Every structure is written in C-alpha cells, then in structure tokens.
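For reference, the structures are reproduced in the following blocks.
The following pair of complexes shares a single chain, chain A, combined with chain B in the former and chain C in the latter.
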Partner chain A sequence: MRSLAQSNRRRRLSPFGSSRNRAARAGLLFLAPAVLGVAALVFWPLVQAVWQSMHKTPSGFSSASEFVGFANYIDIVSGNSFFFLIVNSFAWTLFVVVGQNVMGFLFALAFNARWQLSGILRAIIILPWVLPGVVAAVLWRFMYDPQLGLISSVLERLFGPELGRSQFLADTNTALAAVIVAAIWKGFPFAFLIYLAGLQNVDRSQVEAATMDGARFPRIVLSVIIPSMRPVIALTLLLTAIFTFNYFDMIWVMTKGGPLNSTHIFPTFIFQTGFGQFNFEMAAAYGVLAFALLLILLVPYLRHSLKSERDED
Partner chain B sequence: MNQRASIQNRVFQVLITATVAMPLVWMLGVALKPSSEPFSSPAQLWPNSITFDNFLSSWRPEFQTYFLNSLIVSFATVTISVLLGLLGAYGLLRSPRKIRWLVYPALLMGQMVPAASIIIPIFAMVRNLGLIDTHLALILAYIALTLPLSTVMNYAFMRSIPKDVIEAATVDGASTFRIFFQIVLPLSVPAVVATGVWLTVVVWQEFLFALAMTTSQSMRTLPVGLNDFIGQYGIRYGELMATSIVMSVPVVILFLFLQRYFVQGLLSGATKG
Partner chain C sequence: MRTRNIRAAALLAVGALALAACTSAASEGEDAGSGSGDTAPPAEQVTITWWDNQQTDSGLSEYQQIAVDRFMAENPDVVVEVETIPYPEYQQRLQLAVQGGNSPTVATVDQIWTAGLAARGNIISLDEYVAASGSVKRDNFFAGAWDSAVVDGQAFGVPFNVDVWQFTFYNEDLLLAADVDPQSLTTWDGLEAAGAALTGDGQFGIGLFGHLGEDTVVVMDSFIFSNEGEVLDSAGKCALNQPASVEALEYLAGLQQYAPAGVLNNSSGEMRELFLNGSLATEFWPALEQPTLQDSDINWGFVAGTAPAGKTPVGTYGGWNLSMFTDATDAERDAAWRFIEFITSPEVNGDVVDLLPANIEAAKAFVEANREGPEVILEHLNNAKPRPLSENYLELSTIQNEMFQSILNGTDAQSAADTACVAIDGL
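Then we have the complex of A and B:
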C-alpha cells in the first residue's frame, strides 16, 4: 500500500516540480564524501594491487619496475610456498571457525537460562574477544612457555614432565594447532553472543511440545533449535570465517609464521614478503590471490546481506 | 525461549566462566606478583603476595608516547570516519533506489576487503605523499579500514527511523538538509555513540598497518609497542602483563558500556535473514 502511494506521489511531482530532483541531488551531496573516500582508499588500492602485481623490479637499486604480465602469479603457483599457504590457511580457517562456533553454540545453550549472575558471567565470558588482539597473542605466547607457562604447568601435573616441557610453538608439528587453540579462545565470544541472541527467537512452544513428546535435550537441539536457527548459524559461520582468514595479529605475535613456515597464512606471508623482504610486487600478487580466495566466502555473505536489505526495501 | 536456571545449570555456568577466564586470572596474577617472588615451575595461578610495582613501572616514558599516539590516531580516525559515515548513511537513505543498490553492496564489499590485500598499495601511496612515519599515514589507512563499516552501521540504525516521519516532513516541504539536521541527526545519537565506540575498539588495537607504517619509536602505537616489548623485556613477564592490562582497560570499559547497543544490533541484524 505504502509503495503505491509513494509511486503516485513521485509521478505527480516528477514531470514539473524539480523538488524531487533537488532532493535526490542533495542526497548525493551527503553520500559523496563517503563514496569518494571508500573509492580512493579501498577500491583504488585494490586496483593498484592488481597493477603492481603485474610488475617486477629487477635487482639493482636504480632500476625501475617493468611490466611482466602474469609472471608473478605463475611463479607463485609453481613455487612451493603457494601449496603450504593454501593448506595452512584452509586448516587455520576451518578449525578456528568450527571451534569458535561449536564452543559459542554450546555455551549459548548453557547460558540461555537466566539468574542473578547472568549479566556478570556474560561480561566475563566475552572478555577474550574484547581484549586487543596483540594482548591476547602476547598472553598466549606466555601461556605456552615451556618453563613458566600455565599450559605446560597444567600438562606437567596431569601427564608428567615430558609433555609439560614441550615447546609447542617451536615444533612444526604442534605450532599451528597451538595458535588455533589460542584463536578459538580469543574469538568464540562473538559466536556466543550471536547464538545467545538467536536463541531468544526460537519458538518456545515448539520446544515444549517436543519435551511433552518425550524428546531428550540433544534431540531437541538437533531437530528443533538448530533448524530454526539455520540463517543465524549460516551468517555467523560466514562472518567468523572471513575474520579468521584475514586475522594477522595472533599468528604474527606468537610465531611470525614459523617455525619453517608451518604457521604462515596469507596475511602473515604478505607482510613478510612486503615488509620483511621488500618484494612489494610479489606481496601485492599474494594479496590479490588472498582476495580472490576470500570471494568464496564474500559472495554468499553479500547475497545473504543483500537479501535482507531487499526484503526491507 | 528463556527460562530460569536450575541449580545444576548455575554451577555449570560458573564453571565454564571460570575456565574461560583462567588465562586472564593468571595474567593478572603475574602482573601483581612482586619481582622478589620467583616464578615457580610449574606455574602458580595466583602469587603469594601482591604488589602494584609492575603497573607503576609499566607507565614508562616510551609507553606514554605509544599511548598518546594511539589516542591521537584513534580520535582523529573515529571523528572523521563517524562523521563521513553518518552523512553517507543519510545520503544513502535519501538516494534513488538505483544508486542505493549500486553503493550499498560496494560498501558491504569494501568492509570485507582484507587489510593485507591493500596494504602494499596504501603503503606506496603514503610513501609517495611523503607521509611514512606520521600520524596522518595511519589515520588515512584507518579511514580505509573503518569508513565502509561506519557507513553501513549508521545506515542500519538510520533505517529504523520510521519512513513516515521523513515522508511527512518531505510533503510539508522541508528540504533534505533541514530533515537531516532537525529530524535525523537528533535521532541518530545512539547510532553515533555505538559506531564511535566500535570503531575506537577496532582502531585502538590495529596492528598490521601500524607495524608496516611506523618506523621510529616515537611514532609507534600501543599494539606495536607491546610487540616490541616482548624482545626488550626478556623474561620480565610481570611488566609485560601489566602493560597488556593497562592497554586493554580503556577498550574493555568502552565495550562493556557498548554491550547493550551491540547485543540489540545483533538481535535485529542476525535474526532477520
């Protein structure tokens, strides 16, 4: 009804009065600074990254960079760093996302029922997520310290000194798992908060009906709660995956991508290539590849967000 | 779906919280441990006696410089980004459908562009402008990181203003500018606060750009400074942990203050899909 009235009004005004045009122009005036800013500082750099990635600076100080087409990409794909980057990024993103979401969901189920301390307990439980990334990373680096760290002490008490003295961050077999555990702890409260909010909208009468029918709690979670929260779960998985794929702080502070590249993911490798080896063209190429890979996650995210925008439009 | 917690559930909730918070308790314990008390191995969760010495010595001159740099950069970025985002959100709201459907997806996309994918060109740009190792370099980079998000957040809040209010004013002949200043702006105060706090939390802890674009110690921000401390401090973990805590306190307080808005936003944002 509203849209009909709206379009009538539009039709009435547009042929003669310029007031509508003036309003549209004024709207664009408000929009312009933000659009120009985003274009100049986000999308133009993205275009430039593609351009830079197609150049190469020959060795020698005074030499200018020359156009080489896709040569950098061919180097990357045929070299061995690409393989471990893909494997590490995939494992890192997968395990961190699954860990954060499973933990966030289960904790949300546990915290759904309220009592006097609910507010304060929730404030404490989201602290890891609120903590600056570098602080969490420094803390976990210290947690894994083989002599003084909390983790080694707990393990030593439980399983004896051999496991307790392990250098988790210095061992290529355990370093990636160690940073994944730290990242799960750091980021799970985001999923926790969303799932806690989502649980508010689960239809209580359905849960009660299932309980009357004699369904046990795990059954109710699987057949009633999860299906009705499907859109929330999908969005949370996408968001945490995008954040995790791009997350630099934790790994850089804890391991700098080492030992022997075993914890390098795209952001850390790009930083090292660009600002450690000053190979800007190659770093740009890795950046473009990272963005291209991220599109796998970005496209469904955009579709999801635009769908809800269209519904309200 | 909300019920009162049973006794077992309450105990369970407390146990979970204690487990999650254990690294934080330990961090605080290490920061409060007197330097005379040696680290025992295996480690203790809490020291036998406590002192604030580590907190006092963490407030050293370099740290004050880092703190000031973080304040300057955060304040400038958040002011510019929130202002442009607020104006942009209103522009988006008043734009023809066609333009809205061009700009809005671009903003959502821009918000998700990985920082690592644009750091090389932004570094080159800043270097060509001769701005490396200045506050302005970081402010420009941080506007790139926050402006899409700021616009999208403000827009999401602004859309909850009933359309009838704006339409009625339009029919009464109010100009686009007048509607902004007299109707939209007063209603947007919570949006500006929420966006401002959120962007502050993001910028305060930004590490990647700060690491790449500050070369001298006098330009370092807190996250980079803290990372430098790891090497310099050797095994002075007490001071390292105290510094970490001092640096976290401002954003933790801001966030706890924002939490109400944030959870509301999640409720409306995450459940409409």
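Then we have the complex of A and C:
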C-alpha cells in the first residue's frame, strides 16, 4: 500500500498540476459566469450610483453634471428629511420584522402538528405572500377607506360613527402604524414557511424528554424549540429585515410617503427624489446612505456567522 | 475560509441590490428607444421616434397610427416609429431613456417637466423652427399652453394637448334635493353654502382632496389664481405667503369640513368613486372627466371654477408639449419638426389627443363634437394660467403640496406659507 506522503508527492509532480489546483481552477471557471453577471448587474451599477451621488447638474441649459464631492451628502445630513427618514425607516423595519417573525413563528407552531384541514389552511395562509405587493396595498388602502372600507364599517358597527370614520392613512399619528399592519399581514407567511421547515429539524426526543419532565408548552418553546432553531431564526430575521428596509410598493401605493412625510422611508423617498423631482444625483446619495445603513444591519449577522464557522473549524 | 468569503460577498450583493435599484440603469430604457443617433437609416430616409403617453382607454393609438401613416405617405423620406406608453409609467420610462442617452427624437413632455429638461440640456430650443414656420405660431394655440413651453424667452416645446383644472362637476339630483343653484358653485360663498347644504347623512358636499399629488397642487393653484394670487411672482420669488394666496389657502382648507374624511390621503380618483356612487355632490376635475360621466348613470352638470364674488374663475393648465431631444441629428430634427407641424395642425390635432387639442381651431371643433358645454370649456381654457415655469418646479410642487397638507392638518395658513416660501426661495 502506498503511503500518503508518496501519494502527495506524485500529485505535486504531475505535469498537469495537482488535482487540488485543477479542482480550484475548474471551480473558478464554473463560478466565472455568475461572478461576471453579479459584477455587471450589481456591483457596476453600485459604483455608478456612488459616482453619480458625487455630482450635481448645474442650472442653465447644460447637461454636463459637475463633480461636487460629498456636498450632496452634507446637504442630506444637514437637511430636515434625513432625521425623519432614519426614524421612520428604523421604526418601520423594527415593527414589521418583529411582527412578521412573531406571527410567522406562532402560526408555524400551530401548524406544525397535522390536524384536520391544516393542509388547506396552510395554503390559505401563504396567499398574502403570493399576492403582488401593489394588489395587497390597494386592498388595504380600500379596507382603510373611511367611507367605503371594511375596517371603517366594522369599527362603526362596534363603536359608532366617530371611530368608524377613522382616517388611519390620512392621520400623521396613525398612518405609519396602519401601513406596518398591512406589511406584517403581507409578509408574515415567508417567516411562517421558514419556521415551519425549521420545526421539522427540532429533535423530537428533546421535546418528549421535556414533556415527560413535566414542562408545559410555553416552557418547551422557550427552552427547547427556540434554542434549537436559533440559526434559522437569525437568518429569517436578517432576511426579513433586508426585505422590509427595502420595501417600496406597499407604502407608495397606500400613502406615497404622506401625510406630511409620516410614512416616508428610504426607498419611497429615493423614488420621489429621483423620479418625482428628476434629481437623480441626490437620489443616488440617499441610496448610498441607505446601503450603508443596511450594512450596519448585516454586520452583527456577519460577525456571528464568521464566529460560528471559526468555532466549527 | 472560502465559504466565509463567499457568504460575505453574497450578503454584500443582497445589500447592493437595494442601491443598484436606485441608480439610473440605462439598460432599462434601451428596449423603449431606438437610439436615434445610432440607427443607420436607409438612403434618403430619416427615421424618427415619437413617444407619447395615453391617459384614457380611448383607442387613441389607432387614431395616432392613422395620422402617422398619412404623414409618412405625404413625407416619404421620413419614417416615424411611435411608442405609446401608459401614463403611469411614462415619466419613468422617459427619464430613464434620457439618463441613458436613449431619448426619442420627439416626445410629448408634461408642461411641468419642460423647464427642468430645458435647464439640463435634454431638449432643444425650437425658436429657429418656430420663426421659420408658417403654421406653428403662438396665436394659433391657447396662450397659457404656449407659455408653458417658454423658458427664459425661448420655446422648448409646441403645445400638443391641454386641459384645465378645475371644473366643478355636480350631481344635479343632489343639488335639486338640497335646493342649491348650480351657478352658485362659481363663487366662494356659494360653494361654501352648497357644501353646508349638501353634507350630512353619509353624503358629502365638496370633493376636496389633499394627497401628495399634482392634482392637489393644480386645484390649489386655481383657487389662488382665482383670488388674483400667485405661486411665484414676476421676479421668480415665492408669493404663496402674500395676502391673496393665503386667503385662498385659508378658504380652501375651510372646505375640509364638507369633504369626505381622510382628505390628506384622498385623491381626485377617490373623489370620482364617491361621486359616481352618489355619495358626493361635487367633484373637482378637468374636462377630461366628461367621457367617464357620460358613461355613468349620474345626472350631472358642471361649472367652470370658483372665485370670490366679482372675480373671474381662473383655471390651471395641465397638458403636454412636443419637445425635441438633444441626441437627435440635424436631419432627424428637421424631419421631427415637419412631424410636429403636422400633428399640431387644425386638421390633425383633434384626432390624435385624449385631452383637448392645444391648437385653438382644432379645440373648437373637438369640444363642439365631443364635450358638453363647449363654450364654458373654451372660456375657461382662455382664462387659465400655467403652473410656475421653474426648472425646480417638481421640488417646488412637493413643497407646496406639503404646505397644503400642513394647513389641512391645522397649521396656520400664513405660517405654513411663510415656511414654504423659505424652502422654495432656497431651491
């Protein structure tokens, strides 16, 4: 039998290079189309956006934009809009992510066991997620309508005409909450599906052992199920946070960022600045800032996953 | 280690997508434009592209194609490629094309985009063409519409279609039941009294709306103009905080009590729904609303605008101009100009628009054949004024819109207008 050392020597001496190198080269070749695609479609526009954000189109019949460095960023940070955008964006992201994940997890727990009609109900639960965002937004806008909406008519029956005529989307105090509720409804099935899949991997013997030890269901959830699903929960939180931070259609269709900017978040404001006011340079600057903020959201996860892999190694 | 790097790169890519979405991707405009400068035309033939948008489901494209075919038969050296784009996506498509260097040769451009596009060098001055033209003259078009395309004394567009905000459409049955004279709606006092008489029991008197949208701004402007106020004065300074404008804003905000709940998020579209289901007695719309009402069961009528007693209602122009883009060659521009002269001529203009023709002669024939009360419409068109000709109009409009929302939300009109003027003068 050849020793491992002999075998390695033979590999190194091969005129075609080592098999590991060949495998690495093949891997790179296979990856190349995807890398080029991502570079062309994602990183190049990203670089363009950063470059564009450092320009300004001057007045006076000229199409040539001037390089202004960080002037657009300084204007943004020193202006009024930045503060409310930060507050709205984080409030929106926090409440929608928490709402979607809590609802998704609770529904996943309820539908983890098979019971009568659970299959049909699972399909029904997924429906909001399948609906196009614009359609869902129009539905909710109609439901909130003070004159014709379902919510208004139910409230009117329950509490009388005063509350029934509530102007949820037209009141600066309630508009953001109203769109958050709609977004939770629209997006929670995504978390539900992932948690339902994650629950299949929870060690049943641990759940049974906890049951035999007399633990009640809430204790089992807190002490057995959630710890077992920690990686799934972390990933779902991260993904829903990214999706939510970048969400556009629901808010745009329901309120266009109003009233009085009370529901503007970065994507809606970027759209309004770029396409509503033709100010693409400033829109790009807002986009770069939004990207930077999103990276902050990613950092804890990246650090956590790097640490996990180091531990595994 | 490799896995970690790939994962980090993948996550960065996910984040980067968010940013990439907001940059002006030239590729998106490519399918819509033919890149007029790049296409090699057949010998002796020039190909031009015309972009237009469609606001109503009126089968307009078919009529436009007939007109284009006629033009090409009369001008065999020109090929016109027509791109008709639905109104909601027109602005984005055109902007992306302009940003990506794929602009059409000629396009219908919203009156309020003209100054901005001219200032950025995206469209060209048509002064030389106008000076040499026998048919495209200011006198042949509604004055306010012509002026909407004049920036710093130069014409950057030729009026194509127009309409005017606002006409007050009313439900004749509801007014009769409340003993309200329709003509009383033309005065501020009359409109307010009608609002009071028509509101109650799930019914609303006045279709006031205040969402973030240009329809809110044009209605606001017409009340300001009708009180002899201005948005910008002759020096280009904000005049919203001047007494006449503030008085109009206070009056308009006072109508909120007669409007359906949720004014700050309501649009003209929502008011139309309530008007059509019979729960709203009056709505503010341009003449464009007539075909919708003609198809409904509502017994309706309309009056032109509303002004304080003794003053004339002045409307706000809406509509589109035909502009030529910078990317075109001289031969394409010459061909495009011939095409502009053709489709704005009295014989053709009425067949190719879904608002009202901007050519006066064509408009007269059009409203007499297709609209109720043609004389009322024509008089209001002649009185109307364009929105401010500012290269920053779109930002100005947003500020004005937010000012109105603030007033509707309870802020004192003078103070809200003062704040808005500081922002507008700082643009």
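Operating definition for what follows: the second predicted complex is superposed on the first by the 262 of 313 C-alpha atoms of A that agree within 3 Å, B and C clash if a C-alpha of one lies under 4 Å from a C-alpha of the other, contacts with A are read in each partner's own complex, and residues count from 1 in each chain.
One rule holds for everything that comes next: a contact is a pair of C-beta atoms (placed from the backbone, for glycine too) under 8 Å apart; a residue touches a chain by one contact, two chains touch by 3 or more.
Keep in mind it's a predicted model, so treat the numbers as computed, not measured.
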item	value
Touched partner set for A:Ala175, first chain B, second chain C, both or neither	second
Which superposed partner A:Asn261 touches (first chain B, second chain C, both, neither)	second
Contacts of A:Phe278 with chain B and chain C, given as first, second, both or neither	second
First (chain B), second (chain C), both or neither touched by A:Gln167	second
Partner chain(s) touched by A:Thr57 [first = chain B, second = chain C, both, neither]	second
Touch count on chain A, higher of chain B and chain C	B
Partner chain(s) touched by A:Phe67 [first = chain B, second = chain C, both, neither]	neither
Which superposed partner A:Glu309 touches (first chain B, second chain C, both, neither)	both
Residues of chain A that lie at the interface with chain B and also at the interface with chain C	38, 41-43, 45-46, 48-49, 52, 147-148, 242, 245-246, 267, 270-271, 274-275, 280, 283-284, 287-288, 290-291, 294, 298, 301-302, 305-306, 309
Chain B partner contacts - residues on chain A that touch it in the complex	2, 6, 9, 22-24, 26-35, 37-38, 41-46, 48-49, 52, 107, 110-115, 117-118, 121, 123-128, 130-135, 138-143, 147-150, 152-154, 156-157, 164, 185, 193-194, 197-204, 207, 231-232, 234-236, 242, 245-246, 248-249, 252-253, 266-267, 270-271, 274-275, 280, 283-284, 287-288, 290-291, 294, 298, 301-302, 304-309, 311-313
Of all residues in chain A, those that touch chain C in their complex	38, 41-43, 45-46, 48-49, 52, 57, 59-64, 145-148, 165, 167, 169-172, 175, 242, 245-246, 255-261, 267, 270-272, 274-280, 283-284, 286-288, 290-291, 294-295, 298, 301-302, 305-306, 309
Contact set on chain B toward chain A in their complex	1-6, 9-10, 12-14, 16-17, 20-24, 26-27, 30, 39, 41-43, 45, 84-85, 87-97, 99, 103-110, 112-125, 140-141, 143-144, 147-148, 151, 159, 163, 167, 170-171, 175-177, 180, 201, 204-205, 207-208, 211-212, 222-223, 226-227, 230, 235, 237, 240-241, 244, 247-248, 251-252, 255-256, 259, 262-263, 266-267, 270-273
Contact footprint of chain A on chain C as seen in their complex	3-4, 7-8, 11-25, 91-92, 95, 99, 113, 116, 118-122, 210-213, 260-266, 270, 273-274, 279, 326, 391, 394-395, 398, 402, 405-406, 409
